[in-house]
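You will see chain A twice below: alongside chain B first, and alongside chain C after that.
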Partner chain A sequence: MAMSDTGITRPAAQQAGMPMLHKIIFLVLLVFLAVLPFMVYPVFAMKLMCFALFAAAFNLLLGFGGLLSFGHAAFFGSASYVAAHAAKVWGLTPELAVLSGTVAAAILGLAIGALAIRRQGIYFAMVTLAFAQMVYFVALQAQFTGGEDGIQSVPRGDLFGLISLRDNVSLYFFVLAVTFGGVLMLYRIVHSPFGQVLKAIRENEPRAISLGYNVNRYKLMVFTLSATFAGLAGATKSQVFQLASLTDVHWTMSGEVVLMTLLGGMGTIFGPLVGAAIIVTMQNYLATFGAWVTVIQGVIFVIGVMLFREGIVGVIARWIKRPL
Partner chain B sequence: MSIALEARGLTKEFKGFVAVNNVDLTVERGSIHALIGPNGAGKTTCFNLLTKFLQPTRGTITYEGRDITRLPPAEIARLGMVRSFQISAVFPDLSVLQNVRVAVQRKRGESYDFWRSEKKLSRFDDEARSHIDEVGLSDFTHHRAAELSYGRKRALEIAATLALSPEMLLLDEPMAGMAQEDVERISALIRRVAKNRTVLMVEHNLSVVANLSDTITVLARGEILAEGDYAAVSKSPEVIDAYIGAGYE
Partner chain C sequence: MFELLGIPPQALLGQLLLGLINGSFYAVLSLGLAVIFGLLNIINFAHGALYMMGAFVAWMLLNYAGIGYWPALILAPLIVGVFGIVLERLMLSRLYHLDHLYGLLLTFGLALIIQGLFRNYYGISGLPYRIPDALSGGYNLGFMFLPKYRGWVVVASLVVCFGTWFMIEKTRLGAYLRAATENPVLVGAFGVNVPLMIMLTYGFGVALAGFAGVLAAPIYSVNPNMGADLIIVVFAVVVIGGMGSIMGAILTGYFLGLIEGLTRVFYPEGSAVVIFVIMAIVLLFKPEGLFGRAA
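Showing the complex of A and B:
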């Protein structure tokens, strides 16, 4: 997982704080997202943002922690179920429903992470996949998840008990605040003292140990943080679609987020967002092709990997010789 | 002189093969101690046992009077005993400054604070720079570690190690694969940093450690063959035999 040969010669962190280029990109992105619901169907735009956050959360683990999880649907999906249940059965307001889903994902992340980080490489991926399949089984069998039906017609409710989110545009701005805020928080984690240690571990784990770092604790922490933000994405998604279903916890969901991250560029800030946008847009506009979507997706992935080994944003970063 | 590190009856078996057999080793505080031997003598295994990157099958290891036989490797570093690696151990995609700063950061307390800005780390810059100066890398402060020459990577590794203010350094073949001018530079550096520290180094060549070490222990086939200063060890018939014998195998 070493990122040493990406060809970015500028040392990554001589800048103090967020570099100007990143500030501009975030600002442009925010302006674009503010007008987006007036150009496309808001629910589609919200789906896009939820998956962008999901991919960014996954990238924290893969791109910066160097750990490939193949079970991130467990966190996305369980948060989706808990948030849907909280809103529908407990009657919580949207922000509290999203919060309870996120907390559930964090706890699950801590538990699964504590067991999975004892293994490395492909074994780590297999352990996460095994746990995700267990979560899928629970979602299929448990009472409160509604089995094959999932949890349907989740009420949208009033934000803080005050602002109605029944209207798509007002819900959109709630989702925008949550997901954009989430991505900014992930940015901060990557550029924190903790993030610096993570990079060191990713680059040379034995050396990090010999410097006295308790590597497993850092891995557990990044795993839990990644699960938490994946949960935030899943919980928000359940409020948008008013639905938590087996799709959210299915292994294909875990696969999709790997695809988004690799296509956009793992270990970059903006790559996962681009990857998520491409995949979600494709699924949306190619839906008429039915089962062929998967085939087309596969072809695009193969082409993407062959043309852009470091992902789309990774390649652009190499061209302009700046980290993105 | 008092004892810094001591191993008694140290043994490591890999599925029936004995890599290190009943080794007793005593490293005196403040000395430069070299562990040498031909290929396959068990030097690196022995070294990994002492730094706890491998768990011994039998035997005990004591550091500063404390039994460290069952401690995890990260804990050893916290006790002030820091190791280097045969393949130079730097963080390739980080700058020289960041490489050293990560070590300073560890010494000043662990950094789980993921909510803070990395700007906070700049308070460690001065300390990191002083260690970079110490090994003569000031001109490369902002270069990526991957771009440095082999000898400079070694120097960087030593700078990061010094940043932990260790009492004892364990160097795994610090001169391996180095050009002659680099060997001299690193030798001088080791001598300098060893002034108020204990150093245990593993080397392949007897000549490299000749002028550097106070005590030399020669390993062959997992066992101690000879021990003493260079003059004594280099004349030992067993040592000469082991080196030449290994060459013909």
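Showing the complex of A and C:
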């Protein structure tokens, strides 16, 4: 998806690492998140952070890799199932449960990615959607996923076997560390030489090939990385809600993460976080309206595509003439 | 009676018929997607929602206006087609200069809106639609029982599919259409109104979805979610066939329906995923699709 870089490049600041503006935003965000559980219901805040990481992981693929996956629920959901299973049946500690879920998503991402990158553009989107539906059917029929019931009442356990995560506030800080760390790692990936090659491929694939880059290897790598972080988000979410269910692998979940990224601003660092915050908050307050939530999401999709393709953060970045 | 691998022939033929009926819907829907894709270069994500709308329009015509199945078979696709043309004029036509993925995102949003609205007003339990009198009952073929309506679905879908194929491949209008697929600017320079053609093509493509919806109404219950899961399978069908050829889309649809039916006989647990597995195999060995052109 062609997104020209409208921001002013500042070589000096880039050489010194993270631009000052981004440092300030991350710091403010961290302070805000540190006091958030004392202001709102911690489980809601944790859900918000998990989806923010999910959207950021998806944005790595769409915004920076230029690949539209319509099947990211497969990674989010399968990690959620594996982590829930690991904590409940294998009795693993929370960090190991989350890790096993993430590894499962990475392997699945590698397998689906290797097939999906054989097609481009619209076909790529359809292929990822179809494979995700296959994962959904497997989750529906397999023994360990619990079919329609999902995996319920997953125990929360002790971090490293030492620190109890049974109360919401201590779990909150575990989730904060995981998701914030995940977002920072994604930031690092985007601003690495690898990230620069991705941008080159996104803007002009034939040219990247002619420069000698093995484009398919880069695509597979970014797909796997994106799936891995989506899995990290899903695995963490299963520990928060103590539940892994079919909702996590359904195509509506894949659609939601596309919507979050589109609304916040694809190809921006902070856009997916903002988009996730808005959509999750909206779902929370409109939950009583039933199917109207779907209609509203559809309307946001249509408005976003027709009038607002840069997304919220994209527009702000254009106003202040700085990449965000 | 002879048995094949321990499967009674009635069960085998019954599942094959069911497969052929599913295949009929795959064929009509993937044909519509292929026609739209050929000229507009977008994948119509709302195709499943418009198929559902076709079924609902037929139900509404019957219950609110007393209009029966046969007129609905013409009217419902027309109504869905006009609705599609409105969507194309108001929204899709403004996105042609952008990356084609935006068309996919837009139609996904439209699908959510349409499905959400029908869910709000009609719930998800499904509404019954009676088989028309002329097609109720069935024939005893000696080796199996063939319900008339199911036979009719297969015949009707074959007629529509091959009619569309004939129109696109063998008539003058179809020649313009194929030319515009190759080079819209040049065809425009010859005085053909290409935007009008694009609009009508989209309308025709979604009318096919509406037609499939009316056909489906008496078989499956009329349900707001009936198109959502079906369309994902149809996407896999389209990836397997490749959208380069009209005939390819039709044949792949019927073929995969039959394969799915066979799987249901020999390995029932695999029937939900067999099409996706075939898609994976095709991606490995012939990524452009069975009938696709290398892209």
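Simple rule for what comes next: the second predicted complex is superposed on the first by the 304 of 324 C-alpha atoms of A that agree within 3 Å, B and C clash if a C-alpha of one lies under 4 Å from a C-alpha of the other, contacts with A are read in each partner's own complex, and residues count from 1 in each chain.
Please note the rule applied: a residue touches a chain if its C-beta (ideal position, glycine included) is under 8 Å from a C-beta of that chain, and two chains touch if they have at least 3 such contacts.
The structure presented is a predicted model; accordingly, all values stated were derived computationally and were not measured.
After overlaying the two complexes on the shared chain, residue contacts for A:V299 are found with chain C alone; chain B is out of touch. Of the two partner chains, chain C is the only one that A:V127 touches; chain B does not reach it.
By the document's definition of touching, neither partner reaches A:Q143: not chain B, not chain C.
After overlaying the two complexes on the shared chain, residue contacts for A:S153 are found with neither chain B nor chain C.
In the superposed model, A:L225 makes contact with chain B only, not with chain C.
Once chain A of one complex is fitted onto chain A of the other, the partner contacts of A:R119 are limited to chain C, with no touch recorded for chain B.
In the superposed model, A:T288 lies in contact with neither chain B nor chain C. In the superposition on chain A, chain A positions 2 are in contact with chain B in one complex as well as with chain C in the other.
Remark: chain C residues 37, 41-43, 91, 94-95, 98-102, 104-106, 108-117, 119-120, 228-229, 232-233, 235-236, 238-239, 269, 272-273, 276-277, 279-280, 283-284, 287, 295 touch chain A in the complex.
The part of chain A that touches chain B in the complex is made up of residues 2-4, 6, 9, 11-14, 16-17, 188-189, 191-197, 199-200, 203-204, 206-215, 217-218, 221, 225. On the chain A side of its complex with chain C, the touching residues are 1-2, 68, 70, 115-116, 118-123, 125-127, 129-131, 133-134, 137-138, 140-141, 251, 255, 258, 262, 290-295, 297-302, 304-306, 309.
Those residues of chain B that touch chain A in the complex are listed here as 51, 53, 73-75, 77-78, 82-85, 89-95, 98, 101-103, 105-107, 110-122, 142-144, 146-147, 160, 164.
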